[in-house]
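Read from first to last, the chains carry the letters A, B, C, D, E and F; within each, the first residue is number 1.
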C-alpha cells in the first residue's frame, strides 16, 4: 500500500507550533500528516465574523493541498470553516472536526456534550447539530469561559475547568460522551478522562477532535471514499473580483 | 416620525441596475431605500464557495451602512451571505431574504416550497430550513434549471418555468405558498400568481424575497427591535491579517 | 399610496380601553388602526374553554371588518382565537400575535421564551410552537403567576415579575429573546428591556405581541400578500343552527 | 362490576340516526353506549370555521353527560371539537377519535395514513399529528373527494373510493395502517379491509374511529384513568356573556 | 359474545406469583386472563443483554399461546422483549407495556415521565420513545435506584421513592402523567396517586403498565384489530440451528 | 505500534466463505482482521424474529473475542444484532455496520438511501435511523427484492438491481449517498459506483458496510476510544437459565 498524506490546515494565524508537532505524531506506518496555516484571517475563531474571514485563505490551502498530491485534508477548527465550500473545489476528502466529532460521539454513547471555550458559541454548535440532524443527541453545550488565545496560559486551570464542565454535562445534562469544543484543547483528553474517573464517572469517552478527525480521514482513504458530487458539485467557472490569492490556484472549472 | 433609511446590499458583482431602481421604489412616505453592491466577490452566488467569498466585502458594506446612519440592512441574496456574522459587527437590524421569507411564508400557509435556479442549491436551502427549525414546513425545493446570470436573458421562459415548477410544488409536493429561491427573480411574483390562477391554483401567495424582507425591516424598525446581543454579541477585538478593506472600517471593539 | 386600515379585535369582554388608545397610536402616515371588542364571550382567556367561546363573536368581527373595508385584522390575544377559522371567512390578512410573535422572535435570536400569566398555559403555547414547527426554538414557557384580569392591578409588581421570569428564562433556559405571553402585558416591553440591562442582560429583544403583529400586518399589506387559499379555502355554504349573530354577516358562500 | 355508561356526542346537526343505532351496538355486558347530538352548530364539519361553531354546544353536552352520571364521553368527529376544552369542564374521560385513532394506529403498524373526505382537511390532520408528536408516523393524508353530507348517498362509490385511496396510501406513501378521516365513514372498515385483500394488500388494519375510541374509553374506565388535571385544570370562574345555554349547566367553578 | 382469553407472558424467571394473581383479577365477564412465565432467560431484565436472552423463550410462549387459542398476548416487561419479533410469528395481537403505556399516557396529558428502577435504563426508554415518535412528549426518565429483584423487599420504601421521583418529574421536568418504568411496580399506582395529592399534585394519572396494556388488548379484541401484516409479515421459512425449544413450535411458514 | 486484531463476527449460519477471505484482506501493516461465525441461529437475517435468535450466540463470540485479546469487533449484519447488548459484556469497541454506515454516509453527503434486499426491512432501517437521530437525513429505503440467501445466485442480476434502485434513490428520493442494506452485498460498491456513472450520476459515494465499519474500528482503536460505560454499564451478575453456551464464557460480573 502506497503511503498516504493527510494535511491539517489551521485556519487561524495564532501560534500553532504545538499542533504541528502533534499533527506529525498522528502519522503512522502508512500515513504522513503535516500541518499548514493560513496567512490571512483572524488570530483565533470565536464568532461567526472570524469564521467568515478565515474561510478564503483556508480554501486556498485546501486547493493547494490537492495540487500537491495530499490525499485528505482536515481543517483545524471546530467551526469547520471552509469545509463545505472546500468540497466544491477539490475531490479529496475535506473533513471538519466539528461535524466528524459529533458523528463519532454518536457511535460511542447515547448523548454527547460539547465543552467549548466561551458561551457565545452555543448557537453555532446547536446549529451545526441541527444541520447534522443530531440535535436530539446533543445533551448540551458548555463552556470553560476562557478565550481561545488564553487556553495555553494555564494548563492546570484549563484541565480543571474542562473536568468541572464535563462533570456538570454528565450529571446535570445527561451526557454520556464529551467532545472538546475547541481544537486548542488538543492533548487534554487523557487528563479529562482521568479527572472524570476521580470524580466518579469512569468509562466516559472524551473526544479530542483533531486526532479523531485525522483517524476518520485515514479510514475514508482506506475505503476509497470521498464526498458526494451530488451535494458538492464542482464550483462553476465565473468572474471573481478581489481574491487573486485564492483564484490563482483554483482548478480550471472554478476560475 | 423621522425618515428611516434601509439599505439593500447586493453581495455579488453582477449587474444589479434593475434591482437598484426597484429598491428605490420600495421607499415610502417614511422610509428611503437604496442599494449598494460589493466590489470584491463573485459575479453571482450559486454554491457554498461563492457564498464564502461574497461575505467579507458584504460585511464591509454592512459596517459602512451603520456608520452612515442607515437604520437597517437587507442582504440581496437568498443564501443570506454575511447576515449572521454581520449582526456581530453592527447593532442595526441585518436581515436576510432566505431566513425572512421562510418565516413570512409560514404566516401565510401550511407548507411552502422554494423555487430556485439550480438543483445544486437544494442542500443549502434544506440546511437553512433546519437551522430555522422549519424543516417540517418546507414542502420541497425545486429549480428552474437556469443559472443566475442567465435569468434575465429570456423573461418569458423564466416566467413559464417558474409557473411550471410552482404547479409541481403545489400539486405533487403539497406546497401552499411559493417562495422564490433567488433574488434575481425580482418582479416575477405577480406573473407567477396569475399563471397559477390560469393553471387552476388561485389564491397562492408568491413571495418575492427582497421586497418582503425590506417590508419586514420596516416593521422591525417601527417596533424598535433589533437582533439579540445574546445570540450575536459584538465580535471581540483581535489581530486580523489581510482584510484591510474590511478591518479599516470595523467598529473599535472588533478591530 | 392610499391609506390602509388595520383593525385590532379584542376577543374578550374585559376592559380594553387602554388597548384602544394604544392601537390608535400604532397608526402612521399611511395606516389607521382601530380596535373593536366582542360582545359575547369570556371576560379574559386563560384556558381552552374560554378560548373556544371567544371564537364565534370574534369571527363576526372579522367578517364585519372585511365588509367595512378594513385591510387587515389582528386578534388581540396570544392564543390566536378565531385566527385560523377567520381566514376561511375573509380574504384580508388575519394575524394572531401568538403565531406572529414566535416567527418574529426567530428572526431576532437563537431561542425565545414566552413569559405568560399562569402555568396552565404551558401546554397551549408548546402546542402552538409545535404546529408552527418552532418547538425546537422555544427555550421555555414561564409565567408570572398573575391572572389576566389582575395584570393591571399592580404595574410595579407585574414589571418586577416579568423581569424576574425573563432573567430566569435567559439564565436557566437559554432564551435569547423574550415574548410576552399575554396581550394584557401591553406597554411593558421597554421596562423589561431596561430591567434586563440592570440585571446584567443587555441587548435582549422583548416582543410586545400586538404592536409587533400590527407592524407585520402593515408589512404584508405593503407586499400585497394574504393567506393561502390552499390552506384556508372559503368555508362551504351549509346549514348552521343557532349562531344568527354570526351567520347573518357571513359572506354568501359560507352561509 | 357496576355497569358503565359511555356517551357518544355528535357535534353536528346533520342526520345521525345510523350512528345512534351503531353506538348502542357498541355496548356490552358491562357498558351501555348512547348517542346525543348538538342543537346548535353546523350540519357537518369540514373546515376550521365549522369546527369552531360546533364547540360550544358540544361542551354543553359534555357537561350534561357528567351531570347525568355518564362515565366517559366520545366526541363523534375526527377534528375532536370540544375535546380539549371539555376536559377543563369535567373530570370524566373525554376522548376524541382523531387523537385516539392516531395513537391506536401506532400500536398496530409502522406508519398510518388518514383517508378523509376532502383535500382541504390535510393541514388540520397534519397539525393534529404534530401536536400529538406523531408527525413522523403519519404516512399521508388522502381524500376521497366527497363532501361529508354526500357520504351516505352512494355507499358503493364511497367504498370504492376508500379502497382506491387506501391502496395509494399503502403503495405510494408507505402506509401500513389505514385510519378513516371522517366518522361518517362508520361501518366501512370491513369492506375496505376486504377490498385491500383483493387488491393485493392483506392484513392491513383499518381503523373505524368511533368504535375504536369507544373501546379505548372502556379501557380507560376499567383502569380508573382520566385526563391529567395538570394539563387541563378546571376552568376558572369568570364572567361570560352570551352563552347561557352553556353557562347555565357549567359546574360551579367555571361559571 | 364468546369469552376471550388474554395471556400475560412474564419474560423473566424471577418470582411472579403476585403477578399471576393480579393477572387473573384483570379478567371480567367476557375475558379470562392468565399468566405464564419463561423457563429460559434472566431472573430480571435491567439491561440490553438480559433483554436479548429473554426473547427466545418469550417467543415460544407467544407461539404456544396462539396455538392454544389465546386471543391476545401481553408481555410483562417495560422493555417489550419479544413483542416486535413475536408479531412476525402469530396473528393475534401482541402488546408490550412500554409502547402501549406511552401512547395511553399521551391520551391523558401533555407530557409524561417514566419512573423506573435504575438510571441505566434511561437510554433504552428514550430510544423506545424515539421509535414510537414520542420523544417530544417524554418529559423525563427518572429512577428510584432500586434493582428489580429488590423492589418487593420494602414496599414502603418503594412507594416513598416512587412518590419522590414523581414529584420531581412533575415539578422539575414538566410531567403531567406518570408511567411506571418496571412492571414489578405492579399495584403501586393508587398509592403514588394519593401520595401526589398529599404533595400538592392532585389529578395526576399514574399508569400501571400491565393492567393498562391488558385493557388495551381487550379494546383491540373488541374492535377486531391486530397488528399490520405490512409491518410484520410472517417470518420466512429458513434453517435455524440450536433453538429447538422454539423452532419445534413455530408455525409451518417460519420453520 | 503493536499489531491490532479486529474480528468480524457473522451472526448467521449461512455460507460466509467469501466474507472470510474479504475480511482477511482488510488487514494492513498494523492490523489483522479475521472472521468467525455463529453456530446457533438463523441461516440469514431478514426479519426481527431472525434478528432475535441471532443475538445470543453472537454475544458468545463477542465475549470470546475480548478474552482472546481481540481489540475490536464488527458484527457482520446491517441489523446490528448483538451490538448494543454486546457493549454491556466487553470493553473493546463493538461496532455494527448499520449504525456506523449511516453516520459515515452523513459525513459524505446531504442525504443517504439504503438499498436493501427486501421491502419488509423498511421499518427496521427507519427505526434504526430514528434511534440514531438521523431520520431526517435518510432519503429512503429501497430494496432489490432478492432474499439474502439468493444474493449470490446471479451477481449480474444483483448488480443491475442495485444500480436501478440507486438511480431511483438519487433521482426520485433525493439521495446523495448510497448505503448497501445487507452485508451480503459485499464487494459490489465499485460496480454500483461505475454503473451510476454510466447512468448519469458520477461522484456518488457507495458504502459497502463491513469494510467501512472495519476501517471505523481501526480509527477508534488508533484514538484509544471505546463505547461509553454510562450508556452501556457492565451487565449485572444475575441468575440466567438455559444459555450455558453463553453464560459459561461471560465475564465474572455478568454471570
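In this section, a residue touches a chain if its C-beta (ideal position, glycine included) is under 8 Å from a C-beta of that chain, and two chains touch if they have at least 3 such contacts.
Small disclaimer: the values here were computed from a predicted structure and weren't measured.
Asker: If every step must land on a chain the current one touches, say how few steps get you from subunit D to subunit F.
Answerer: Between subunit D and subunit F, the shortest chain-hopping route counts 1.
Asker: Tell me which of E-F, A-F or D-F has the interface of C-D again, with more than half the contact pairs shared?
Answerer: E-F
Asker: List the interface residue numbers of subunit B and of subunit C, divide the shared ones by all numbers used, and answer same when the ratio is over half, different when under half.
Answerer: same
Asker: Using CA atom averages as chain centres, what separation in Å is found between subunit B and subunit E?
Answerer: Centre-to-centre distance between subunit B and subunit E: 52 Å.
Asker: Could you put a whole-Å number on the gap between the CA centroids of subunit B and subunit D?
Answerer: Inter-chain centre distance comes to 44 Å.
Asker: Find every residue in subunit B that makes contact with two or more other chains and list them.
Answerer: In subunit B, residues 110, 123, 130, 133, 135-136, 176, 231, 233 touch at least two other chains, as defined above.
Asker: Looking at which chains touch, is this a line, ring, star, complete or other?
Answerer: other
Asker: Among the chains present, which pairs are found to touch?
Answerer: A-B, A-C, A-E, A-F, B-C, B-D, B-F, C-D, C-E, D-E, D-F, E-F
Asker: Can you name the residues of subunit A that touch subunit C in the complex?
Answerer: Subunit A residues touching subunit C: 122-123, 126, 130, 135.
Asker: What part of subunit C is in contact with subunit A in the complex they form?
Answerer: 110, 136, 174, 176
Asker: Considering the complex alone, what residue numbers of subunit A touch subunit F?
Answerer: 1, 28-30, 91, 95, 99-100, 103-104, 106-110, 132-137, 170, 175-177, 201-205, 207-208, 211-212, 215-216, 218-220, 222-223, 225-231, 233
Asker: Mind listing the subunit B positions that touch subunit A in their complex?
Answerer: Result: residues 13, 39-44, 46-53, 55-57, 59, 82, 84-89, 120, 123, 127, 130-131, 133, 147, 149, 231-233, 235-236, 238-243, 246, 254 of subunit B touch subunit A.
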